[in-house]
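In what follows, chain A forms one complex with chain B and a second complex with chain C.
Here is the complex of A and B:
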């Protein structure tokens, strides 16, 4: 069982920023329950042919490592130093100015100095210096070098799975050092030893074999969607008929599978369905490419590419013209900065052009994949939708930028334009906590398990604290976002830190405000909450 | 104490050159041989290091975007913080290199009311000290060119004029001398005083600070207090640049040799240290790339084919279930 979670007040008051008396190299790692996830199971690693597949527990002393594990790690490091300029450069040029230190949500929420981005990176730099620089080899600890021991490996594992690759630190670094790059290397190296966490390995295996993280089989996907269609019919009187794996559709739609599975993401999925129906969009869902997210990205570059390949493969098989991607955070970092490089060129697709407005999406003319917020913002701007924002009047909304869409893409105004068009009550959180300064939900990069809830609440504290500020100041009761992991995890974080604030996808708000042709008078929103002024009508 | 070893090291360097020049008369070694060697190490080391970085490819286009992307025509793009073209990248890099744009963003997070409230106030001191340090260092470096040129160009005189406009007696007082020493002292002070910064500091962080402090102090001493034979300095410097080195008759003064030797130490240490951030900042892929990877395919030279689970395999696994659910299949 996981450790008992402290009460919010205790947790907040207990954050101690005083570093330990002993230097960080002389302070051995202590794996605290509640702060880490369970180890990857044998079957999940086997499913994707990963090395050293076996059942293991981080709590046990023996991690069942291969005998030559040090060599595996060091050769893996050498290989990656040749392949990634970022890795090589970021090992060499940090001056330890400390500007990144208090930018990390895990540091702000835990006070643990090894959660300062600079020190997280030093955990690896110290080994780099020892093994790959002369000064480190000769002068040892004076040069900031140390040997790769089992303790160091465990420390790597503990702290590289306490970083959500949110890149907030890289915004402030005078050299643009991005801890995400280092954490990604740390995770690649630990995966060479079979040291993934199961909350990542499980979804990866599912996604590889079944097409999505949740392991929804094709008939389960269609039946989940049927449920939504029933609910939409109850709400609007309109029966929507989406298609799956349909050849010859103009557009393929890919969204994170989380939206098909659990509240409140399901309401976002309903929003998509209603919007596309209302527009009469010629589109199809796919059960094979049924995952926009990519937990492979939290594992290794290769695994991420293997999972991502399905999107273009399916677009080609179905003969669509272009692709729309749903609301998801890291999915969009992958689609923006990796997909085309890995699995492109998508020369069998056409430059995306909105069939509704005629807008050509030049900014994605190579990937041929458009973010749904771009798509919808364009539709709304052209006045192609009948909207009744008053239907969201029971909500006072603020907006959480996802790490990846803000710092790995720059999608900032599109969702805001949509929200302001479909809601009357919108308030921003403080400037230093939104847009490129946004804070992680605390559970990104596959750390949204349950056994590490304490870690998640600590990491979610800065975001939650900013929400609390607007709740107290403006009465905010709804936190909008464009990320499936946010929808799943911010709910827990809000319940813990800021009770009374609920979480929603942007397209749920769209679905609420959308006046559909031939719909009956709505008395509730999608969550079956009575609409303002309609409370007594039921 | 991680600061002690570097402090001792710098003191040892000073004693070494003092003994070498004062008692052993090794002017030629410290005035000619070591400077040449240091410059050679600096140039070769710097170039090699940059080539080493350059030899590793940039497999993915990973700019950290700090503003609105290029999107719909009516949404205003932030062309500098989220560039989609070369010009934006040039401006972004220029701001980064010349005025430390990213460091200017620095915030200080503070917890109030027992953690009930966290605030993120502006914190510009590090930026200011960093900027003051680097710029004064650069100006001082440029000023020194008067020693290496027969005729001092007017640009240089202009720099000197501006730097000394707070005229205080003779010799002219250069503001940058004070700014450099002040800034370095602050940068050192924060490593002792701020608990987190102290915790992350390595010997490699103190050593260059002590070294630069030593260079600054010896320079100021020789300019304002222990006068050295200035004509001799110029003779030596000209000899070095014209590859016709000679130790001037009549001696220069030991403070000069201390100053010169510490500079040599800095040069020789430079390519093997964090000071290489000077070259590295230009290569940082989170800053020097435009965010246009959706518009134009970025090529990874080592992109290789991977094992995938094909649609055919997927359909084989689920064909009956798909058919039962009314999902079209390739093979009946």
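Here is the complex of A and C:
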């Protein structure tokens, strides 16, 4: 006999999709596929002499931890509380006002309360209280304290690798707590147990051994640039001849290695080559300081310092006067806020002075390194370039402020000045999504892997949502930025959330508009798309 | 599919009660998130600060209007997409992700519990329309997941395509080059200039 057909209410009664109503401390972490990256491989940790190197999987129950792991973590915490006053301060002063809670792109996109910056920090504060404060030791959970168990460690790992250290939350904190620094400490502590992710550990090992994240050897770097030169010659009829490792050049140029191989960053790299050629700049590339980015920064202070040291070392070896750095995000947080005290003072270099305009970059007096957007904006402001913005007329552009260049160094106007000079169609996204309020791409701090695509798409949603708004309102079809990770990852975010919007570096737009001496008539842009009015010519 | 064959009485009541129904529906959807999150999704009105809440509130109104007009899969899919594209990457199982459609039945029933028997008799017609919406939602959800995998595949290809192209392993237009290994060796020896 047929079973009785259930009524809708009866059916619904058996299915409850509502989440459990337990407090955060009593809701154990569940590692969900798509939300985390693979664990660091043994060989990559060994390459930099990191502890507890072994192949492990976050999906397995056994993380192959050393027996005394709790002691290692707590001693590591004690050490850092003493070493970094900011860490101690940030552990103590939060009043849980909630101003930061809804400002994180991962919380907004995922809806997971443990992605509220206040709660993410609380994951660590609860251990701090238990182990380092009297109230926490005596009163336990009443004082917001808890013991460091294996579940807590896994929770740390899961959520500290779900924060891109973008620092948007810190803009809203009345106390100025920088939650990114708490994530940094969380990552340092997990690294004491060999719990890095491989998407960070691999590039770090490569960078340490070969100078760049991709592990490119010198001949690969030069041959890669050669390919760009071929493409530029096809486009313009001009053969550019850059130099590598040239002693006595005035300027050393350092850029993220991603731009040498990953589209669309490659077009940005072509833009640099064309601009420097047109200016007749006395500069050199380096196959040793072949990486501006620094995944050590997502690992530990010490590792970041080790990887950064090659920039000044190479500048000294080549005897240059100063350094220009390419379009990158976290690279610039490292360069402006850490490099000088880690590996400086670079007193063998001179205060950067543009040989074209005579502008002295006083803001880089100490580091001796200038962001290419500052350099180019100055050139354009002085009218030193012949530009044809109409060549970008097929593009309707908006600009995404990278977290690190906007919040980390205040580079807000220069990229906009460049874009407005080389493009006729530019539209800003809404005010609360740009400049210092910019939303992260969702894939920074080494989280740009593919196994965590769901996480990246959630985190990228607030940014994409604002792009979608200007696409629908103004017909925007190009998202410009000055960060290599943005160029690599916003492409995926746009393809998922806002199809039809492509991603570009600012210097690709410059390369398109730049009228070079002796060039042939261009019929396409760098991507071989026909220029406006030249459709059907090729 | 034509418009819903509803008695004018019920149609009037539904349009009169639309704001109340949508509120119940919105609250029920938002309650599938943890309590703190639900509070945020309900209270933050800025569409850029709260894109998920905005997508839900705007989406359900558009979907409700479509339901009244008679469900046309082509017309309603973009509205469903706005909500499901978010849920397809959030921590929902497929059934959980599309279940928000059925919560509309509950919202309508709760809002209409004092109606007389004759009008209530027409509810099954309306609920069939909601079932159709659920089927469309399933298609849209699958499309979102397929898009996600395409995005992953394209990204991996973009990361390595130039390297492989240079090593003569793939042609710019795609496809494998024969004698791949030899080509790689040649590139390493710098015998290949092209």
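Methods note: the second predicted complex is superposed on the first by the 518 of 538 C-alpha atoms of A that agree within 3 Å, B and C clash if a C-alpha of one lies under 4 Å from a C-alpha of the other, contacts with A are read in each partner's own complex, and residues count from 1 in each chain.
Keep this in mind: a residue touches a chain if its C-beta (ideal position, glycine included) is under 8 Å from a C-beta of that chain, and two chains touch if they have at least 3 such contacts.
If you're wondering where the values come from, they're calculated on a predicted model, not measured in any experiment.
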Review point. Taking chain A as the common reference for superposition, should the pair chain B and chain C be classed as clashing or as fitting?
Key: clash
Exercise for review: In the overlay, answer first, second, both or neither for which of chain B and chain C A:66 touches.
Suggested key: neither
Practice item. Could you look at A:177 and tell me whether it touches chain B, chain C, both or neither (first, second, both, neither)? Key: first
Exercise for review: Considering only touches as defined above, state whether A:433 meets chain B (first), chain C (second), both or neither.
Suggested key: both
Exercise for review: Pick one for A:21: touches chain B only (first), chain C only (second), both, or neither.
Suggested key: second
Practice item. Based on the superposed arrangement, let me know which partner A:533 touches: chain B (first), chain C (second), both, or neither? Key: neither
Check your understanding: Is A:305 touching the first partner chain B, the second partner chain C, both, or neither of them?
Key -> first
Check your understanding: After superposition on the shared chain, which partner residues are touched by A:365: those of chain B (first), chain C (second), both, or neither?
Key -> first
Review point. Which of the two partners, first being chain B and second being chain C, lies in contact with A:458: first, second, both, or neither?
Key: second
Practice item. Between chain B and chain C, point out the one touching more chain A residues. Key: B
Practice item. Go through the superposed model and pick first if A:248 touches only chain B, second if only chain C, both, or neither. Key: neither
Exercise for review: Would you mind checking which of 110-118, 128-136 or 254-262 on chain B runs into chain C after superposing?
Suggested key: 110-118
Practice item. Could you list which residues of chain A make contact with chain B in one structure and with chain C in the other? Key: 12, 15, 17-19, 101-102, 108, 113, 116, 219, 223, 430, 432-433, 461-462, 465-466, 469
Check your understanding: What does chain A use to touch chain B in their complex?
Key -> 9, 11-15, 17-19, 23-24, 49, 81-89, 92-99, 101-103, 108, 113, 116, 118-119, 122, 133-135, 142-144, 167, 170-178, 181, 208-211, 217-219, 222-223, 244-247, 287-288, 301-302, 305-306, 309-310, 313-314, 317, 335-338, 340-342, 344-345, 359, 362-367, 369, 374, 377-378, 381, 406-414, 417, 430, 432-433, 435-437, 461-462, 465-466, 469
Review point. Where on chain C is chain A touching in the complex?
Key: 31-37, 40-41, 44, 46-52, 55, 85-86, 89-92, 95-96, 99, 102, 105-106, 127, 147-148, 150-152, 154-156, 158-163, 166, 187, 190
**Study point:** chain A contact footprint on chain B (complex, rising order)
**Key:** 2, 5, 49, 52-62, 64-72, 74-76, 78, 81-82, 84, 96, 100, 102-103, 105-109, 111, 114-118, 120, 126, 130, 194-205, 272, 274, 276-277, 280-281, 283-287, 291, 293-300, 302-303, 306-311, 314-315, 317-318, 321-322, 324-328
Check your understanding: In their complex, what parts of chain A are in touch with chain C?
Key -> 8, 12, 15, 17-19, 21, 32, 34-35, 101-102, 107-113, 116, 219, 223-224, 227, 261-263, 266, 430, 432-433, 450, 453-454, 457-458, 461-462, 465-466, 469, 488, 491-492, 495-497
